[in-house]
Amino acid sequence: MKRVVTFGEVLMRLSPPGHERLFQSPTLRTYFGGSEANTAASLAHFGARVEHVTRVPSNALGDAALAALRAEGVGVRACARGGARMGLYFVEGGADVRPLRVVYDRAGSAFSEIEPEHVHWDAVLRGAEWFHVSGITPALGEGPLRSVHAALNAARAASVPVSLDLNFRPALWVGRDPKPILQPIAKRAQLLIANPGAIETMLGITTAGTIPEPPEALRATAEKVHELFGCTRVAITQRETISASEHGWQAFLWDAADGAMHEGGRHQVQVVDRVGGGDSFVAGLLHALLEGRSPAHAVRFATAASALKLTIPGDFNRVTADEVERLLSSHR
Amino acid sequence: MKRVVTFGEVLMRLSPPGHERLFQSPTLRTYFGGSEANTAASLAHFGARVEHVTRVPSNALGDAALAALRAEGVGVRACARGGARMGLYFVEGGADVRPLRVVYDRAGSAFSEIEPEHVHWDAVLRGAEWFHVSGITPALGEGPLRSVHAALNAARAASVPVSLDLNFRPALWVGRDPKPILQPIAKRAQLLIANPGAIETMLGITTAGTIPEPPEALRATAEKVHELFGCTRVAITQRETISASEHGWQAFLWDAADGAMHEGGRHQVQVVDRVGGGDSFVAGLLHALLEGRSPAHAVRFATAASALKLTIPGDFNRVTADEVERLLSSHR
Amino acid sequence: MKRVVTFGEVLMRLSPPGHERLFQSPTLRTYFGGSEANTAASLAHFGARVEHVTRVPSNALGDAALAALRAEGVGVRACARGGARMGLYFVEGGADVRPLRVVYDRAGSAFSEIEPEHVHWDAVLRGAEWFHVSGITPALGEGPLRSVHAALNAARAASVPVSLDLNFRPALWVGRDPKPILQPIAKRAQLLIANPGAIETMLGITTAGTIPEPPEALRATAEKVHELFGCTRVAITQRETISASEHGWQAFLWDAADGAMHEGGRHQVQVVDRVGGGDSFVAGLLHALLEGRSPAHAVRFATAASALKLTIPGDFNRVTADEVERLLSSHR
Amino acid sequence: MKRVVTFGEVLMRLSPPGHERLFQSPTLRTYFGGSEANTAASLAHFGARVEHVTRVPSNALGDAALAALRAEGVGVRACARGGARMGLYFVEGGADVRPLRVVYDRAGSAFSEIEPEHVHWDAVLRGAEWFHVSGITPALGEGPLRSVHAALNAARAASVPVSLDLNFRPALWVGRDPKPILQPIAKRAQLLIANPGAIETMLGITTAGTIPEPPEALRATAEKVHELFGCTRVAITQRETISASEHGWQAFLWDAADGAMHEGGRHQVQVVDRVGGGDSFVAGLLHALLEGRSPAHAVRFATAASALKLTIPGDFNRVTADEVERLLSSHR
Amino acid sequence: MKRVVTFGEVLMRLSPPGHERLFQSPTLRTYFGGSEANTAASLAHFGARVEHVTRVPSNALGDAALAALRAEGVGVRACARGGARMGLYFVEGGADVRPLRVVYDRAGSAFSEIEPEHVHWDAVLRGAEWFHVSGITPALGEGPLRSVHAALNAARAASVPVSLDLNFRPALWVGRDPKPILQPIAKRAQLLIANPGAIETMLGITTAGTIPEPPEALRATAEKVHELFGCTRVAITQRETISASEHGWQAFLWDAADGAMHEGGRHQVQVVDRVGGGDSFVAGLLHALLEGRSPAHAVRFATAASALKLTIPGDFNRVTADEVERLLSSHR
Amino acid sequence: MKRVVTFGEVLMRLSPPGHERLFQSPTLRTYFGGSEANTAASLAHFGARVEHVTRVPSNALGDAALAALRAEGVGVRACARGGARMGLYFVEGGADVRPLRVVYDRAGSAFSEIEPEHVHWDAVLRGAEWFHVSGITPALGEGPLRSVHAALNAARAASVPVSLDLNFRPALWVGRDPKPILQPIAKRAQLLIANPGAIETMLGITTAGTIPEPPEALRATAEKVHELFGCTRVAITQRETISASEHGWQAFLWDAADGAMHEGGRHQVQVVDRVGGGDSFVAGLLHALLEGRSPAHAVRFATAASALKLTIPGDFNRVTADEVERLLSSHR
């Protein structure tokens, strides 16, 4: 069983029942999630041994966050406790012409004040086979950014390969240029995952700008990422938001080994919960690659995995590898 | 902030959870609504200052009805209390080939016994900028009909313009001809809203009778309404019930000022809750016109508003004007 | 298996969740009940073959009422369908110092307009071993009163013994004297069940007026009932409402055969749902007497049965005879 | 009112809320169902007098199963009580690309140990107008198989016509050949209902093997069933599982009287709950034929009935005959 | 109808269902509350015209807070919008030996950053008949403290009497001495409400320190408050926490006019929700005094009102004045 | 952090909402539990490092059982997967005079077919500091009994002390004498926990037989256990079931080191959920003893811990050691 380490904030999410608007009735459903934690949970369902590193407060919300991760099979032994509060976000799913609505309440969270010394990075990464982080984590504060670099240094020292999911969230970068922050991190990643917009905004590589972009344009973008940042594999995802209830989802994986652009296929899905779709793609990709599958298979597996995620409530992709394979084999 | 007055019955609605049939499980969800109250609630979300006039019993159901309106931001100071009971209706939403099912239980309601003297109509309408009523209200009894005329007289005295949404409900007119009741009211309205069937049945103007009717036929109908009843603006809505879960929705606004028939566009929507769709259209129209927008914009705004309504559980359209504008700008 | 026939209105009850006030949140729990129907349901759980006669509307509410009775094992083949609406009532359970609150909405119900010819009384009572009705039924209208007499005549013709639970509900008798209505019915009953207040108000027999009344006073009352109305058994129940959450409950059965006043014991119970307590007492009494148990045992069985009812949500006493016996044997 | 007898296991089904995966949250919804019981419940909603024969344990689960059937209007007087446990199954509905997931827990159930002497078959079938059983029942054990034959013998003795729905469930036949068990039963059925796959596997008749099969191939199959087993009517259903959320459904009825293959039409439905679709088709067919409708109408009625079923949560088709007719008349 | 103005933070509260621990299941119930807002809501149910002044963010949480107040009948026209976030708190009710548990998450709330200029204090208090604030508000930050003084100045200018509920919350004063902050405010209050501990900690007056304190000791304390701060009425409340599920509650009102210590009686209550008990006492007191009732009656009314509050879920006391009077008249 | 190993079956429990009877409404709440697993979960909340050993099926129920344990912080790495089904039980909590009702459905469970070779007992117990098992486990079948002995042998080999909670469940021993099975196991335990009835039935030591037994009688019993079986510590618990809603709970710990009988105190508790009370006592005892606390403190800690458990829904005692200490310090 492969051992993967992921790093990032865990948020408590609160959502109204059914198709209701926020606070339309006095009931909220709680979920826990966060980009890298979502990837970790999905990997655990695929059978990997995953350790997620985060920081949560020493109160009932922090306890619940760790319990939620443990329930999915994600290790939390290395997590730091402390800080003022748990980051929250309120999500209204929307329906058809009514888009998803999110109210973030994550300022001042325990994670945003994490420092490198809160985590025994060398011990955590010793013996690991993969380290994954997203572009959200370095955006959350100086401490998180320092911690990303501490983790990357420990990963290099322990020869642990690294993946970076750019995951551009405009709200986190208001008034800041992400490029000087993300470019050095990208240079440390063997595998980079992103959509074209994120590559343009966070790495400074001009893309075609159409949705969806044609495969040829994506291949050129991937090659440029390889050229400038040295990533040996570049996965590019594209989401078409047909409505709040229906998405098209496709992805490609460029592999430096053969210079090929492998297609993951396209799934058009009636969306139950869109949150965590991209994170489940990363999990699918890591799982398949760590299992030694070919890039061509891995991107198909990852794309199918994230199609399944869109049908599952909550941030985590609670599907087994068998379920993904069954979808792959039934998908035309 | 514009001040609008609406008048009509508020009912308590009870619906089973999810896609269940009525009483399939022992839980019901309550909502409050009613044609004009729905319009009022939507206007309040758009930022208008709205006063809804109704009559509810002096018991916990009446209290809850007023609390529900107040929660949405609708003023209820002018409401009368008294009478025997709250009108109710039980709604099963249906799904796809299984149509909406409604069981009405509104006989003998407090509102059906309202009398003009229960409301200080002169005070209520003094300073108002708009008065709105639907064709349901005069159908509910002699007292409600007398009250509509009392309100119209007070509106004329205070120079408050009037809108009438014909809102034909066959169950309310069994064995009665609506024309002698509605035609005099239509003559008092500057703005009339209806679908072609209602215009035919309630005003006696022959229409094309196809669904949907072609714009040219609708224009002729609108001109006829203007000619016979003097309304200077006539909005015509058309709902295509593709299934219980999917509706097409479009509307037009004819304006006497330029003689033009302005198209509101067509939205095909996965329906979460169809109740209140037409009422939210009226709210959108009043909001945009009171804000001084052109008829061309107003009908597009109103059509988009009611498309959004179809995605929201309950009778009220809990969307802001910004949300409507965003849909308009994304709608092709 | 003994065959019992009961007659009376079935209402739909709507209650908020937990200890909430009515309409504090938008969820209601539905139950079905009614004095005689509650007795019927409890008898069915005891193993009797019971037929309940009522009238419900031909709509989804009426369907649900009959389904609820059938689910409990009560026969509904003789029920009439028709009329305008289902009677409803809204119940807020209260808690400790906050008393139960009820909002009735039963005017104009299908049952209140029942007529003797809606039911084949001769067929229904042929072969029955018992007929039970409460003092609520004749209060509901002229038709129900006529129907009670039609049933009593059919019972006499078929030599079916009769029980009457006076069940005084002040709201049903506002401005009316129940005595001229109930006294003739009492004369037709072999078994009369009541609390002292009901005996005073509905039969005109002066009682001690204290709560609880001493057994000697109750015996005198029972003897007076026997003397004036000829009932051969008289059960007197006494509820002490210590708070909305705690009741004392005791009962006595006077038997003309031995002139003895049999004590049922006293149960002090943390109340889960007080509705239907008295009706479950009647069921316990009928069950035990029909099974040939002694009056001394029957009143103890009935008192324990109604103590159990107070711990069960809803109007029906869903307990088996074994469960009642177990409580009896554990009760000190 | 026609009297129909059905025979088969009733299971308790447990499902998570909404689109959740099993045990994603700690709430389960219970339903009761089973192939023949589903048919019985649907027939009761159509107005038939139905008696379902089964065996459930003498505990709270068995009580609840019978209460559920009684609530739908199905008679349960002939049911046997006893045995170790209630059969259960856990169902996760799936969504779009995520298929339905079922976990069966029915081994050792009370029904699997039913014996012919548990039921008074002669009494049950005396005066009945139809007997229905599915191919699931004989698969559940030696006792159920013996009971099927006891029932068929009693049916023959009482001249009660028989229908058999093959209902092939691979999990029940692992390591066993269904043909020697089903072929003799098929010979006793006047009406056989199946999809092509079941006919091939359980009766040994080779079919075209495409989905959907062309009408001509289906006609040949039906004729072969008639030829080999003597069934005078053969209904063939075809479900196209477009996704977990969308099914195509069509059916045909071949009638020996005129040798015609009557088409039931095709319905493409957004699926709320797929369980019980086939059983509701059988109910529709029996209802229409017992009402004396033509085969051509009966198969259209039955196909529409099962289209409606797909929109209703739970195993039972809670629709009236009027509702089916309304769908038929609106269906193009 | 008297016009009362209250000022203080509104928090969103989130609680698990039933007796569960926080996050034991994934559902939370939302409530809105806050000391002065609770008083305002209770006053509105008593029939007063109340305006609550607060500041909430311009997002869905802020909208919901204002909607909740409006639903109760509290005016929110004077509220400020803006700031970073809504203050939250998570409440687990406890049961018997397991005490209430609260997790606050209110740092950085919109209200904690309110400034005097956010509110038109002169306009708000013009024509008001009472102004109420608690000792929580000045603890929340410099801006809230400045705002309290702005309000007090406006109240003095408009001759509006003032009440202060000391409401000592240790968590808000960690490392700070409340005396220099509260003493000047107390000097502006005609009516002061507190328990003995708060009087000692926040005003510096030594009290007996026993629970409960004897009336004589309380009288001495009240007189001292009058002497040092000039308050003409001093109400002292005492809560005995017998368990998380049972509280004793009593109160006294000292009146400078007659120098008497009026007893409010003692209620021992099975607690449904302890939050807001003290705030409902204040509302009862203000209501009765503003209605011109005697201090002797007012304190009995207020004590009974807060006994009722303890039986109602949520922070608000949803009882009418009639309900309080009924409890008073039934209370021995 | 001490490392404890526990061994026993995990069952899925299903309970109706609130005070409802089983299947009164169609919703069930799932919990997971089992005597030793409950002890493990409580220990994890106290901060211990616990590994629970069990066997669950390879399906969604087994997955959920392990997820539930992981969520509480219990290690499940050593658990076996396989077997036919998950053991279930249905629990209706009862209320006051209505007792708890349980329907077990555990026959043929995966655990009942566990074999010693399914678990690497030597590896599991290597380095452990305690091993705990209850008298339920050896009652579940030959394989479980063999596994208990395998575990005890491995514990002896690794010098791991052992505790045994006799936990007599009559239903598991129908027709069997537990003595020959339990006596040899008791001889392997350093710490034995039981109530007097279990000691009499399972170990064959005559006890006083009163409830509660006087401390002197309990001391004699404990000494006899020591004499016959060599246990150096004997804890005796006594539950007084005052009603389904109120229990008295007390315990004693006899210690061979000083021959003293240490009293744990008595708690009278309003019961929220009685299941798991004894298991939480064991956890409290092990925690305190492993932390090096005196027997006198340990039994008081354990008794308070189980008092808290009775207030928490579900089988697990979700309280921290701090919360227990706070109750101890507030308990008179």
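The chains carry the letters A, B, C, D, E and F, assigned in the order they are written, with residues numbered from 1 in each.
In this section, a residue touches a chain if its C-beta (ideal position, glycine included) is under 8 Å from a C-beta of that chain, and two chains touch if they have at least 3 such contacts.
Nothing here was measured: the structure is a model prediction, and the numbers come from that model.
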| item | value |
| --- | --- |
| Given chain B and chain F, the chains that contact each of them | A, C, D, E |
| Contact-richer chain pair (by C-beta pairs counted) among A-B and A-C | A-B |
| Inter-copy rotation, chain A to chain F, in degrees (Cα atoms; steps of 5) | 180 |
| Same-residue or different-residue interface between chain B and chain D, half as cut-off | different |
| Chain centre separation (chain C, chain D; CA means) in Å | 41 |
| Centroid distance [mean C-alpha coordinates] between chain F and chain D, Å | 46 |
| In chain B, residues with contacts to at least two other chains | 18, 21, 25-27, 29, 67 |
| Category of the chain touch graph - line, ring, star, complete, other | complete |
| Chain E-touching residues of chain C, taken from the complex the two chains share | 18-21, 24-25, 94-99, 243-245 |
| Chain E residues touching chain A - in the complex, by the definition given at the top | 14, 21-23, 26-31, 59-61, 63-64, 67, 84-86, 88, 90, 92, 101, 103, 105, 107-108 |
| List of chain E residues in touch with chain C within their complex | 18, 29, 267, 269-270, 272, 304, 307-308, 310-314, 318-319, 323, 326-327, 331 |
| Chain F - residues contacting chain A, complex | 67-68, 70-73 |
| Residue numbers on chain C that touch chain A, as the complex places them | 25-27 |
